[in-house]
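For reference, the structures are reproduced in the following blocks.
Below are two complexes that have chain A in common, paired first with chain B and then with chain C.
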Partner chain A sequence: MTPARWQALLEEVTLIGGVRGAAVVSAEDGLVVHEAAMDGVATADVAALATALVRRAQSLLQVLGDEVPRMVTLAATRGTLVAVQGKLDLWLVALAEPGAELGRLRLLLGDLAPELG
Partner chain B sequence: MRVLEPWLAEPLRELVRESGARVALLMTASGQVLAQHGFTRSLDVMAAAALGSGILATTGELARLVGNEAGFGAVVHQGRQQGVWLAGFDTPRGRWVGLIVFGRGSTTGLVRLFFERFAARIQALAPAPTVVREVLAEGFERELDASLRQLFGTS
Partner chain C sequence: MTDLPLAPPDPGHAFLDLGERLRLRGQLEAALSVALAGAGRYPSLAAAHDLVGRIRADQGDDDGARSAWIAALECDQGAVGALKGLAFLAFRRQDLAEAERRLEAAALEAPRDTTILAALDRVRASQPAFREEPIQFDDPDAGILLFDAEGLRLAGGVGGAAADAADIAAAAGLGLVREADRTVRLLDLGECRHILVEGSRARLVAAPVAPHGGVLLHRPVTAPAGRVVAMAERAVAAARRWLEEAR
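For the complex of A and B:
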């Protein structure tokens, strides 16, 4: 996938109402591969913490004998983080404000994530 | 964990806890050790400090050669089982260097995030520079022994 395609894909995510930013993140090193975010969103920090969250979820599911997680959602009082697994250990991560269209966001991320890689 | 100055302990403890670091070393740009976590042998600390400050100095020169006068922010060596994060930051007492060794339980991104917070905290907490005392020959051995005892806990 080319950077231009990544950009188009992320812009599609950020068009959803209430989404403050989206990034393609490498779960191997917790670094941003590509991003599209509003000013003030520290995507590098979000990527690092989202990766830590995804890894904890993977460990938890391993203990429970389940499959690896495909989507991780963290709902907080000031926003929601949604991370969806793509290919090559890449994750599509979006950060949304309270009141964002989360249902639509989840569906779109689920549709787009397989295109990563 | 061993620190030369007590105020370094809490920021370093937080860095190690949050980043999942296996080994952490804080030193001056010239390689003088200020704090360490995870080392058991003094020789390893000395070698790591010398090598770390050397690597950072080398990459700084490399950065200048390619026109990046500000130098590189950090140097990362990523291995199969563990990685090394090496970065310098300015403090009121000169440029200091951090060396973090992390395993598969952590990531480069996580170490970067908490190292930046650590550097900001150190910058805020660092006491003003004190007048450097003249190191006299008769006090040198005693001063050196005291520093080593503090760092490695030997009696």
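For the complex of A and C:
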């Protein structure tokens, strides 16, 4: 995938109302591969924290006989973090404000994540 | 719901095919003789009990059908035909909660079977209004687990999994809640409400019950995400009361 395609994909996510930014993250090392409009937030922090959260979620899911999580959503009082599994150990991560169109965001991330890689 | 296709017989045993043919022709007594003889000869064969269940259901003997399908599940917990059959019986007696639960289990075993998903939709649509599932911390099969601030299981379970798995899930649930707390603190997101984890088979919600621990809700992936989250929020409120009383 070309950088231009990465950018187009992430900008599509940030067009959804209430989405503060989006990034492609490598789950192996928690580093940012590509990002878009993550204003006011350190993208590297988001990537590292999202990766750690996904690992914890995976541990829990495996106890219950499942495999790698397809989607992890952290809902907090001042925002929501959504991470969706893509290909090649890449994750599509988005940060949204409270009241964002979460249903639409989940669907779009689910549609776009398979294109990663 | 009543036209839900039943599982075809296993081709490895001739009596299954014969019994099914007789059933389809309406020769139910003959079909039952064949099926009972087969089930007697192969008591650990789920398909044999499933066939008995179908014939009994056709005869209007719901109790007999239920016993046969329960026997099939004892042979094979994932016997799709038995799960569908039990869902059918539950639907017939308007026990929509059991019908939904059995169909959800069947959907997990046969995720591409569109007849199951369609039946699941029909069962959910048949419910006159939103039905709140009870929050049961004392029932390990309810899929709700309560853990303390040290990751020890206080009550509940993760729905059919062994007690050991529930204890491990409690420890892992606390780890996830703590990681979520760290994330919201460092990203200045306020307070953590919950974490929704979606796998290929299950949806889980972990939520803090500060400062005492947290709750974990385990549901099949067929359960709508919003409904799982709503139930988790009710579980958190119930957990607060439970913990206050326990203290």
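Everything below uses one rule, namely that the second predicted complex is superposed on the first by the 116 of 117 C-alpha atoms of A that agree within 3 Å, B and C clash if a C-alpha of one lies under 4 Å from a C-alpha of the other, contacts with A are read in each partner's own complex, and residues count from 1 in each chain.
Convention: a contact is a pair of C-beta atoms (placed from the backbone, for glycine too) under 8 Å apart; a residue touches a chain by one contact, two chains touch by 3 or more.
All of these numbers come straight from a predicted model, not from anything done at the bench.
When the two structures are aligned on the shared chain, A:Asp29 is found in touch with chain B, with no touch to chain C. Residue contacts after overlaying the shared chain place A:Thr14 against neither chain B nor chain C. If you count the residues of chain A touched by chain B and by chain C, you find the higher number for C.
Once the two complexes are laid over each other on the shared chain, residue contacts for A:Glu67 go to chain C alone; chain B is not touched. Residue contacts after overlaying the shared chain place A:Leu95 against chain C, while chain B stays out of touching range. In the superposed pair of complexes, A:Asp45 makes contact with chain B and with chain C alike. Shared contact residues of chain A, touching chain B in one structure and chain C in the other: 45, 49, 52. Only residues 27-32, 44-45, 47-49, 51-52, 55 of chain A touch chain B when the two sit together in their complex.
By the touch criterion stated above, chain A contacts chain C in their complex at residues 41, 45-46, 49-50, 52-53, 56-57, 59-61, 63-79, 81, 95, 106.
On chain C, the positions that touch chain A within their shared complex are 158, 161, 165, 168-169, 172-173, 175-176, 179-180, 182-184, 186-202, 204, 206, 216, 218, 225, 229.
By the touch rule above, chain B contacts chain A in their complex via residues 78, 105, 107-110, 112-113.
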